[in-house]
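In the two complexes that follow, chain A is the common piece, with chain B as its partner first and chain C second.
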Partner chain A sequence: MLERRVLACWRTRASMAGLCAGVLVFLLGAGAAVPLSLNAAWLASLAALPACVLAAWAARRRMGVRMMRPRALLLALVLELGAVFLLASLVCLAGQSLILQAQPVRILLAAFAGAALCALSGGAGLARLCFGLRYALPLCAGALCAVSLGLPRAAGPWPLLGGGAPRLLVSCLCMGTSALPALLLLLPPPELEAAGEDALRCPMPGWRFFALRMALGAACGAILLFAVCVCSGYESLAAQHTWGDRLRILSSAQPREGTAQTLLTCLQVMVIALAAGCLLSGAEQALDAASERLKRGRLGLLLAGAPVLLLLLAMSVYGYDAALYAAPLLGLPAAALLMGKGKRA
Partner chain B sequence: MRNNARTLLLVFLLALLCAALSGCGGQEIESCLFVLSLAVDPAPEGALTVTVKALSGTQEAAGGAAGEAGGGEEASGAGGESGMETPEPGYIVLSATAESCLRALNLLSATTPRALNLSQLREVVINRTLAQTDATLTILTEIHSMYRANGEATVVITPDNAGDFIRRQRAILGVRLSKYLEVLFEHFSEMDTIPPGAQLASVIAAMRSSGGDAAAVYAAGNAFDSTLNLPGAAELDRLPGHLPRTSPAQNEYLGSALFSGARMTGTLTGEETGLLCLMMGRAQRREAFIDGAQYKTNLRTRVRRSCAEEDGALCVSVSMNLTHIAGAAGMLPEEIAIRIERGCVEVLRKLQAAGCDAAGFGALAMRRYADIPAWEKSGWRDAYESLPVRVSARVRVL
Partner chain C sequence: MEDAVTLLAPLARNLDILRSRLGAPRNADVLIRRFQSGAFESAIVAIDGMVSSQLIDENILKPCMDLPCGAGEEIAPQERAAYLMKSAVSILPMKMKENIDEILADVLGGQCALLCEGCGIACVMDTRGFEKRTIGKPEVEHVVLGPHESFSESIRTNITLVRRIVQREELTTEFISAGGKMKTRCALLYLRGTADEKMIEAIRARIEGCTYDFPLTSGEVEQLIEQHPLSLLPQVVRTERPDRAASFLAEGQIVVLTDGSPAALGAPATIFHQLHTPDDASMRWQYGTFMRLIRMLGMLIHVFLPGLYLAVLRFHPQLLSPMLLTSVYESSSRVPVPLFLEALLMTLAFDLINEAGLRAPGAMGGAVSIVSGLILGQSAVSADIVSPLLLIIVAASGLGGFCIPGYAMSIGLKIVQLMFLTAGAMGGLYAMSLLLVCLLCALCGMESISSPLTAPLAPPRRANPDILLRLPMRFQKARAFFAKRRSESSGRA
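Up next, the complex of A and B:
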């Protein structure tokens, strides 16, 4: 019975990492890979799949390894910066599509409050929500995309290599950062921590279990990016100069700026906020792991959220593009955290 | 302590959300001027005159629109104290002249007591002289970039004054003008006499694309005295403005305006547009009159376009099944096929002469190139006009 509960906990945790990976694949692809590779951004996003498998394998190796304080703090920082990137994307997308005339600061405050409220429910609740939506989200996104993009009249993915092989290679490297949510797997599910030592000692699923879920999440993001790239010619993609514009799932040749399009954007906003909430709750858990006092006072989320809010407010003054340029670099500390050595608990 | 921190955080976050509740602002329906048609004409010294036909939104006009002619009649006619024209009850026509389309639209917003709203836009009419310059893409992009501009508005090119064209546009069947325009474009699409993909966003995308060109709707006011008699030709094998008919609707939508890049370079008649739709695999017409006999296409017509490997020829193969319905069938299926082949070749030659790849052969040729630099260096666009054309048609009469 306990084993089954433990398996269920890890399953929800893996679903959460998979959802975050899918969101990051789309956001990094549309934000960073499209300006570089244009219509071949979807091809670059495929690089995220092996990256996710590799990251899940590395994370599984480090599961059950005691996390030292500096490592836990670094983990919290990386997850916070990931949340900043997600929330900055959310602000740019909403500001360019749903609420064009709203003040960016107000969108920012609403986005942060939404994500933090999600994180406030705790990692366990969020993970269960991600698990519950594992079929509904891709199905809804697929149906709305088919209606709003008009796939049968797509321009096609040609020329296949987009801006050229060197640019595609750089895009592939950028897409490696999409495996960042594997860091969530380094932290045990909160319900297992609450259940005590017996639950933590139960055998955990193998690396394939986590790799499959993360790769499926990343594949959903790549398919969505493929739909966008196929429906817009490379000239239209090149004409999208703003970050928020590129995040919209819109066909240039067949505009359907109606209910389906609005619902799709709402779904995007909801999923990005959910993913940001997941990373924030992960950051909270990492801070709790770093300090017992924080854990006792339940101040982790406050400490995790405050720098995120400050960074976002700074970006609202100096521009959100900094988050886009910095996001691909998050892959480096993430790789260090996943690959480094640790002591067995 | 535990719960206090969480509760405080919850209250703080909810307060933050409340601050964002007032983020939506200034879009009351009464404060908007909903534009249905927009026309752009050239003005002296390189300026542009933008004319819009919008819902007046007044009670008098609403009464007039519902059939109370009195109020509407009094307000009719150009000019007036407000400087607005009310050519028909329920609608007003405004115009402004400025250096660019965007500035003219801003001028209209500044001088009208309501915010210009293009979310209900149904047609964008551009004067032919203006469309023959490179300014077309800039004009269309500026219109599309307006807040919530409807990307599905149909782009229409007219040899007449575009402002006068939209002034003449009336909902003659007792419905709203917006619905009338929707039905009108849907009807002509089903007849294949206007090109597919003539929507604002599609035309902009096609003008930017190197793998295809745009085709917009061609339209003109009816001049009954100057009808063109084309012996032996089909009834719709003409350009708008020359149909031998009278009707309450003066404007005629017939044929295509062909673009090479952002510049208009030619026209297709209604019949030629039908063949273009057929070659693009976007034909919707279900009935055809061939040599006095009426046929129906019950099954889907199969069309395949390709670029030949050896000489780059533009190849189209059409396979269609017809059912004879009425009239004496004077032509054999092979003769009908030859007729379709000949018509398609003529249309393709016309497209090549106009430098317009409206059929989208460029997108097919693009497949042979690995990346964008290689495609752009290939010079296919320059060679397009002289490429050989091959059309094969197979017709079965059931």
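Up next, the complex of A and C:
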């Protein structure tokens, strides 16, 4: 019985990492790969799949390894920066689509509040929600993308290799950062920590278990990016200079024709907020691992959330594109955290 | 004198202690009757109105007083109460007690205590005969098909109603006294070997840990059991139907009955328990599934429709057809209050009508509905106080709310509806999406007696295919995930 419960915990945790990976694939793809490779960005996003598999394998090797304080702090920092990137993209998307007339700072504060409240419910709640949505989200996204294929503006299912091979290679390198959510697997699910030593000592699933879920999540992100590339058309994609514009999957100015687009944008907003909450909660857990005292009164969440909010406020003044340029670099500390062998706990 | 914990040998002294504790003779309800029972003197202590006089007269007093003068002379004084039980008294439920607090609690609960001269042990007998309501029809959980019995205020009657359905040797009833000075009797019912012992222990500890000095209702016991006091949604499933309580037991849940409350609480519970009705099981699975889907649709309409209306009109007008939009703006332009305030007031007005109809005396309930329907509906529209489309929206949303099976759940969702209304007005679909994801996270993070509220869907647990949809009977074999597995309960590995 206990083994089954432990396995269920790891399933929800892996789903959480998979969902975050999918979101990052889409956001990095639309943010960084589309300007470089235009309609071929979805091809670059396929590079995220092996990156996720590799990261899951590396994370599985380090599971159960005692995390030293500097490593835990670095992990928290990387996850916080990941959350900043996700929230910045959320603000850009909402500001360009759902809530055009609102002040950007208000949009930002609402996005941060949403992610922080998600993180406040705890890692267990977030992971369970990610697991609960594992069929619903791809189905909804797939159905709405199918609607988009019927639009007359669609560029056709096989977009051209927009920017050429060298640019595509750079895009592929950028997409490697999508494997960052594998860092969440380094932290044990909170339910297991609460259940005690017996639960923590139960055997963990193999690396394929985590790799499959992360790769499936990344594949969903790639499919969404494919929808962006297909539905936007070569010329219109080239003309979309802002990040928020590129995140919109369907573009329609016709009355009532925008219903599918609005629904899809709502879905995107929910998933990005959820993923940001996951990374924020992971950062809190990493801070708790660094210092037991932070567990009291959820100080960890406060410490994880405050820099995120400050960075976002700074970006609201200087522009969110800074997050977009810095995001691919997050792959480096993430790789450092995933590599190497540690001392077993 | 009041410091005595156990009964003493002299009868007069014991009676003095009890008199003093119960405030007799000033307390007119206290009955103390001394009588000769064979060779020694005895006394009965009871509370007037709580006991059946006929039962005491015929089964205790008469047989004891009919004993010959020298009867029981050779019996040791300490054995006198037991002797009377053996040779005279003809009442089945009885217990021998010597602790004064326990004896007093039983006497106050409607039992009577028989004390004998020279004996430090009292015999407490169940002679309860107070007035109680007969078994009626359910007031909240109406069904079209299925049984029409409901619980009453008497805990004994309620246990009997459950036992009549669950005729299994494993069915166990544990009585627990909850509260500080004023105790309330609660009963824990569970199937031995099916219900999880840790959960039983957790519920028992939470109820026993209560020290409030007022009588507890089932609603208060529910608050003692629940893990998240700030949550808007109930974490324990409540029913007034014995057949539903029996199904909880079969699933492995623990049923808590409270004396004086016509409801049973089932714990642990999942969010899906709150969406099920007894009718689902009384009908064929196709009909049950269809009705369940209709209820869920109603629930979604109730929660989201007013917020969506505001969000679309204020932030996303492109989603409506130009003709409809023109008509809405035209009617809204005549209304003197802002759109959000108009929607908020109408939603609150609907809740007001609902509450008034519920609290008004039976004969006036219909009149309240008609008057409020006319005044707040037709007249408000013709006076341009509200727009007609908003009235339709609020009415459809209210109708959806009536589809929610649990009353507690429907109130919780009303608050959620207001939250979405505000979010829709403030930030359109963006704010509503963020609020939805926050609420879903909070829901998924909640637990009921350490069992996730959203299980078996998330996290995954083995379960009957009776969660959102109801599949045919032949698939429904497993116990709920929080129950012990069959192999565990039968002792096999």
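By our rule, the second predicted complex is superposed on the first by the 326 of 345 C-alpha atoms of A that agree within 3 Å, B and C clash if a C-alpha of one lies under 4 Å from a C-alpha of the other, contacts with A are read in each partner's own complex, and residues count from 1 in each chain.
Following the convention adopted for this analysis, a residue touches a chain if its C-beta (ideal position, glycine included) is under 8 Å from a C-beta of that chain, and two chains touch if they have at least 3 such contacts.
Since the model is a prediction, treat every value here as computed from it, not as a measurement.
J.: With the two complexes superposed on chain A, say which partner A:99 touches: chain B (first), chain C (second), both, or neither.
T.: both
J.: A:165 contacts which: chain B (first), chain C (second), both, neither?
T.: first
J.: May I ask you to decide whether A:107 touches chain B, chain C, both, or neither, giving the answer as first, second, both or neither?
T.: A:107 sits against chain B and chain C alike.
J.: May I ask you to decide whether A:38 touches chain B, chain C, both, or neither, giving the answer as first, second, both or neither?
T.: Only chain B is touched by A:38; chain C is not.
J.: Looking at the overlay, does A:117 come into contact with chain B only (first), chain C only (second), both, or neither?
T.: both
J.: After the superposition on A, what does A:132 contact: first (chain B), second (chain C), both or neither?
T.: Second partner only.
J.: Quick one: is A:242 in contact with chain B, with chain C, with both, or with neither? Answer first, second, both or neither.
T.: So A:242 meets neither chain B nor chain C here.
J.: May I ask you to decide whether A:301 touches chain B, chain C, both, or neither, giving the answer as first, second, both or neither?
T.: Touch partner of A:301: chain B, not chain C.
J.: Could you pull out which residues of chain A sit against chain B in one structure and against chain C in the other?
T.: 99, 101-102, 106-107, 110, 113-114, 117, 255-256
J.: Mind pulling up the chain A residues that touch chain B in the complex?
T.: 38, 40, 99-103, 106-107, 109-110, 112-114, 116-117, 120, 155-156, 158-165, 232-236, 239, 252-257, 296-299, 301-302, 305
J.: Touching chain A in the complex: which residues of chain B?
T.: 1-2, 5-6, 9-10, 13-14, 16-17, 19-20, 22-27, 147-148, 150-152, 197, 199-202, 204-206, 208-211, 363, 366-367, 369-375
J.: Chain A touches which residues of chain C in the complex?
T.: So the residues of chain C touching chain A come out as 315-316, 318-322, 427-438, 440-446, 452, 454, 457-462, 485, 488.
J.: Could you list, by residue number, the parts of chain A that touch chain C in their complex?
T.: 1, 4, 8-9, 11-12, 94, 98-99, 101-102, 106-107, 110-111, 113-114, 117-118, 121-122, 124-129, 131-132, 191, 255-256, 258-259, 262, 265-267, 269-270, 273-274, 277
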